[in-house]
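Next up: the structures, one after another.
The following pair of complexes shares a single chain, chain A, combined with chain B in the former and chain C in the latter.
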Partner chain A sequence: MKDWMDLLYVMDFVSIGILITAISINSLSQIEAWIKAYMINSWLLSLLIFFVAVKNPEHHLYVASTLTFASKGVLLPFFLKSIVKQMKKVQVVETYLSTSLSLIISGIIIAIVYVSLGKGIFVTGFSSFVLKISVAVILIGLFIMITRRSAIAQILGLLFMENGVFLAGFSLTFGMPSIVELGVVFDLLMIVIIMGVFMVQIKQKFSSDAADMDQLTNLKG
Partner chain B sequence: MIGLLIFIPLITAALCFLVKNRRGIEYINLIGAAALAIAAIFPITASHSATIYFFREMFFMDALSSYFMMVLIFIAFVVAMYSVDYMGREFKKGVIGIPELRQYYAFLHLFIFSMVFAIVSNNIAFFWMAIELTTLVTSLLVGFYRSKESVEAAWKYIILCTVSITFGLLGVFLIYYASTSVYESTYQVSRLGIIGTLKWSELRGIAHEMNPETLKLAFIFIIVGYGAKAGLAPIHNWLPDAYSQAPTPISALLSGVLSKCAFLGIIRIVILGNMSLDTSYYNHLLLIFGLVSMGIAAAFILTQNNFKRLLAYSSIEHIGIMAIGIGIGSFWGVYGALLHLLNHAIVKTLLFFSTGRVRLKYNSPIIDRVRGAIVVLPVSGTIMLLGALALAGCPPFNVFLSEFTILKAAIDNGNWVTFALFILFAAIVFAGIFYHFGNMAFGKPGTDIEKGEEKSEYKKSLMAIIALAAIMLVLGLYIPGFLDGMLNSSVKIITGN
Partner chain C sequence: MEYLQFLIIIIFSPLVQGIIKKLKANCQGRVGASILQPYYDLIRLFKKEMVFSRVTSWIFRVTPFIVFISTIVAAMMIPVITTKSSFSLMGDVIALIYILALGRFFLALAALDAGTSFGGEGSSREMIVSILVEPMLMLCIFTVAITAGSTNIAMIAEPQSFVLSPSHVLALLAFLIAIIADTGRVPVDNPDTHLELTMIHEGMILEYSGRYLALIEWSHYIKQMILFTLFVDMFVPLGIAHDTEMTGLIMSSGVYLLKMLFLAGFMAIVESTRAKVRVFQIPSIVGGSFVLAVLALLTLIMVGK
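Take a look at the complex of A and B:
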């Protein structure tokens, strides 16, 4: 399996898939499609960790792969879908920028990351290529958070950032000790649940169709 | 010993959630806070001479963490006392019922638990998790009243802090990466069994071998991650909202202890940085963040019309002062910063408590609506004025002492730019605080306001306020020997000699 992986550049393809799923949300407008994109992104992340585990037989990598799949690939998308259902209307994510413009900006972000990390501040790591992708995913997640109005889009942007950070962690050091990964994932789950609670509250208090950030303007100065 | 410190708040939180009558919850809350304080005394004194470890070195207490622990247990106890009055009053008014009361106390003690956990973790990733946990718990406390404003504040808080702390996680990964390359080169570990360390005590031992560039990069992420939580300037936007919307005891705990816990995370990494090649980088970064914080806070304090928000901006100013003290880097700079941490915690808690009583009396947090507070509330009004003077940095009080120490260190080190800007911003803040609180304390009270303190039922919060005011006065004139010893050994850990 190892030879086959090297021959077909499987790892590179998987990491490019992670980047493409992150970019794709710029062009999607239905929030359910966003959740699907995030789900695929997490599956690919888990697959990548699995391939790294095959290459470097270490137990904690298999654990990390399963954990990523179970939490980010299954639990979180399921939870987010149920929240969207609770909000009733099929949501369209409103954006401050047009689709083409945000795609162009994502492209510029990737180009900047590739140029600035081109010289390689990092001595080792299993692939500097993957590191570039992970930084790009983090920045795209941040960009999405800034430019979208609805609360759930911000949560998804945050989740993409988190996936990017995890990818960076794996590209740098073959992952953290299992207990740390467990704790981080647990924190992430709790955060999304609490954000979901607040999102429902925002919707109730501000009595609108979507939990929209434009309404949060009471506190200033 | 350390295990006890971690479990007491957890058990207290669970009990508070399970018990279903008001008196019961209040007693459990008080007993829990007192038990934590008593249990902490022994490890604090023991760690003074040598670092103590617990559970496979996952947790530890050195002089620095015991100093933070001391601030935490003290403020936590006072907050527990004040909470009984504050929440009791809300309960009587019918704002909250028994379920909310249970939630409040359970979350309060979970919050204390997460800060204890942060202070004693030796593992930097555990520290990260603990800080993240504080975000979770406190966002629920900030949104406690479920009004439009508090939900908005809680949302801003959780989004901003989570995003920035995600960057902090990247910083932790980078430090781990730096440690793996040290182990790789020193012990010739093969590529497969690559192993690094996350334990701070081990990282400190190998810090001089780590790649300084990677460490610098990690520090940027760490200062963004924990700096947002601490309230350093460009990433402070959540802070005034959260402080003004949270219940008053929670605001005191957020400002008095939580921001310092996050700052501890930054200090720990600065210590690692100081061991590596180039220390001026870390110091300059801290000085810049500190001065920007002071400047922004000064501007907002002058134009503020809500006194809870004013206190929040003043927290930003003071965390900036601490960053400046650590950034100066000499013995007296760090000493002043650590002393300032305690002083600020005391004075800010005192001010949140006394203005909390003022707010309940006048039913408004707007500065223009509060007039003649010392006539209406002879005790808490006067103490509020004294606290405001102390906060602004007036001489006989403790904050002046620590700010003066930091300024003296700046002169000794020849940091003239820092010195000049510090004086400028401190003067603006002084004018702003004095103007606003002077207006609130003096003047003619409105006719509809009944004079006199509250009935004897609410004596506990008054006791807490008077005790804090006494400590504030004493610390301004004299630093007790044990405090001086703790400060000295903590400074040694930071400066490394």
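Take a look at the complex of A and C:
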């Protein structure tokens, strides 16, 4: 299995796939499609960890891969979908920028990351390429959080950032002990659940279509 | 012998168009016209008389010839069934893209020349698409050219293998979208309608009739087949002959035929499963694939594969 992985650049393809799913949400307008993109992103993430685990057989890598798949690949998308269903309207993400402009900006972000994290950085484990991709995913997630109005889009931006942080930490340290990862995943689940409750509350209070965060600017005591 | 391989493109390009139309009709549950229909259309147009508007100038009359000749020159440059060619010295892929752009430039001028509103609309839209598509094509070509170490198409097609690396796959996807946009296929333009709100290519050639229209249509088919061949040469050169031996040539012709059929099937599937987008959404589709092309080049530079 190790041989054909090297031969076909499987790991490079998977990491490029992570980057592309992160970029692709710039061009999607339906929130369901965003959730799907996040789901695929998490699947690819756990697949990458699985490939690393095959290459360097350590048990906690398999645990991390399974945990990522179960929590980010299955549980969170399911929960987000149920929230979207509760909102009872076809969710269209409103953005401050046009699609092509935000695509170009994310392209520029990637270029800056690639150039500024040149070849000098020493990385254990797998290639420094993965570190570049993870930083790019973090910045794209941040960019999405800044430029989108609706609350659920901002949550998805945060989740993409979290995936990026996870990948960055993973590429630098070969993964933390399983207990730490378990804690991080549990934290993430809690955050999303609390945010989900907030979002439904915002929608009910203001009866807006998509939990528009612009309306919160008037809340001053 | 190898001088004549561009004749394959010139002769068979209407056939490729006919096959795409037939497959598309079959996908949609229709019987469709015969695959030789584009030939009949061209013959019919060559027999008809031409009508000129009184306001047109010489540009309108020379444009069909410039378009046709520049397309044929472009067809001479690319290896079709063998990489050994006497024209290979000038077979530079950047020159090829800009020779095609010459024809497109004159077509846009001629559309403005007749002074109709549809012509102006068509040429402005064509220029928007080409502004977006040309840098994309160049970026994809650079990605492949850096790996091959040359911008000569024969040298790119020489390694005789299918290079599977992340940067190549990204460039391949971007190039496919560029082909769709450049040949006026469905998500960007509908080649079959003459509906004024949607047409791009048809809007430009609305004033032409008879032999001149036949020349322009034919060069459009040739350009489509050139782009298909370029795609095949750059990304899947597997099976192309390296010399001019008869057996090798016959085998590589068969492989070439298969690749063309595959691409025609792909185009037919894309055309029948996608709907035409609005004109103002074209930049977002093409912009997305432009990002793919940029990523391909960046990945190649940074990862080295």
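Quick note on the criterion: the second predicted complex is superposed on the first by the 213 of 221 C-alpha atoms of A that agree within 3 Å, B and C clash if a C-alpha of one lies under 4 Å from a C-alpha of the other, contacts with A are read in each partner's own complex, and residues count from 1 in each chain.
What we mean here is this: contacts are C-beta pairs under 8 Å (C-beta built on N, C-alpha and C of every residue); 3 or more make two chains touch, one makes a residue touch a chain.
Quantities reported herein were computed from a predicted structural model and do not represent experimental measurements.
For the composite obtained by overlaying on chain A, chain B and chain C can both be accommodated side by side without a clash.
Put simply, more of the residues of chain A are touched by B, taking chain B and chain C as the two choices.
In the superposed model, A:L103 makes contact with chain C only, not with chain B. Of the two partner chains placed by superposition, A:R148 touches none, neither chain B nor chain C.
Rounded to the nearest 10, the angle at the Cα centre of chain A between chain B and chain C in the chain-A superposition is 150°.
Applying the stated contact rule after C-alpha superposition, one finds that A:F198 touches chain B and leaves chain C untouched. Once chain A of one complex is fitted onto chain A of the other, the partner contacts of A:F174 are limited to chain B, with no touch recorded for chain C. In the superposition on chain A, A:K72 contacts neither chain B nor chain C. Legend: residue contacts after superposition of the two complexes on their common chain; A:F13 is shown touching chain C, with no touch to chain B.
After overlaying the two complexes on the shared chain, residue contacts for A:A111 are found with chain C alone; chain B is out of touch. After overlaying the two complexes on the shared chain, residue contacts for A:K132 are found with chain C alone; chain B is out of touch. Once the two complexes are laid over each other on the shared chain, residue contacts for A:L158 go to chain B alone; chain C is not touched.
Superposition on the common chain A brings chain B within a closest Cα-Cα distance of 22 Å of chain C. Contact residues on chain A toward chain C in their complex (touch as defined above): 8-9, 12-13, 16, 19-20, 23-24, 27, 98-100, 103-104, 106-107, 110-111, 114, 127, 129, 132.
Every residue of chain C that touches chain A in the complex is listed here, in rising order: 164-166, 169-170, 283-284, 287-288, 290-292, 294-295, 298-299, 301-303, 305.
Only residues 123, 125-126, 128-129, 132-133, 135-136, 139-140, 143, 146-149, 151-156, 158-159, 162-163, 166-167, 169-170, 173-174, 176-177, 180-181, 184, 191-192, 194, 196, 198, 211, 213-214, 217, 240-241, 244-245, 300, 303-305, 309 of chain B touch chain A when the two sit together in their complex.
Those residues of chain A that touch chain B in the complex are listed here as 56-58, 121-125, 138, 142, 145, 151, 154, 158, 161-162, 165, 168-169, 172-174, 176-177, 180, 183-184, 187, 190-191, 194-195, 198, 201-202, 205-206, 216, 218-219, 221.
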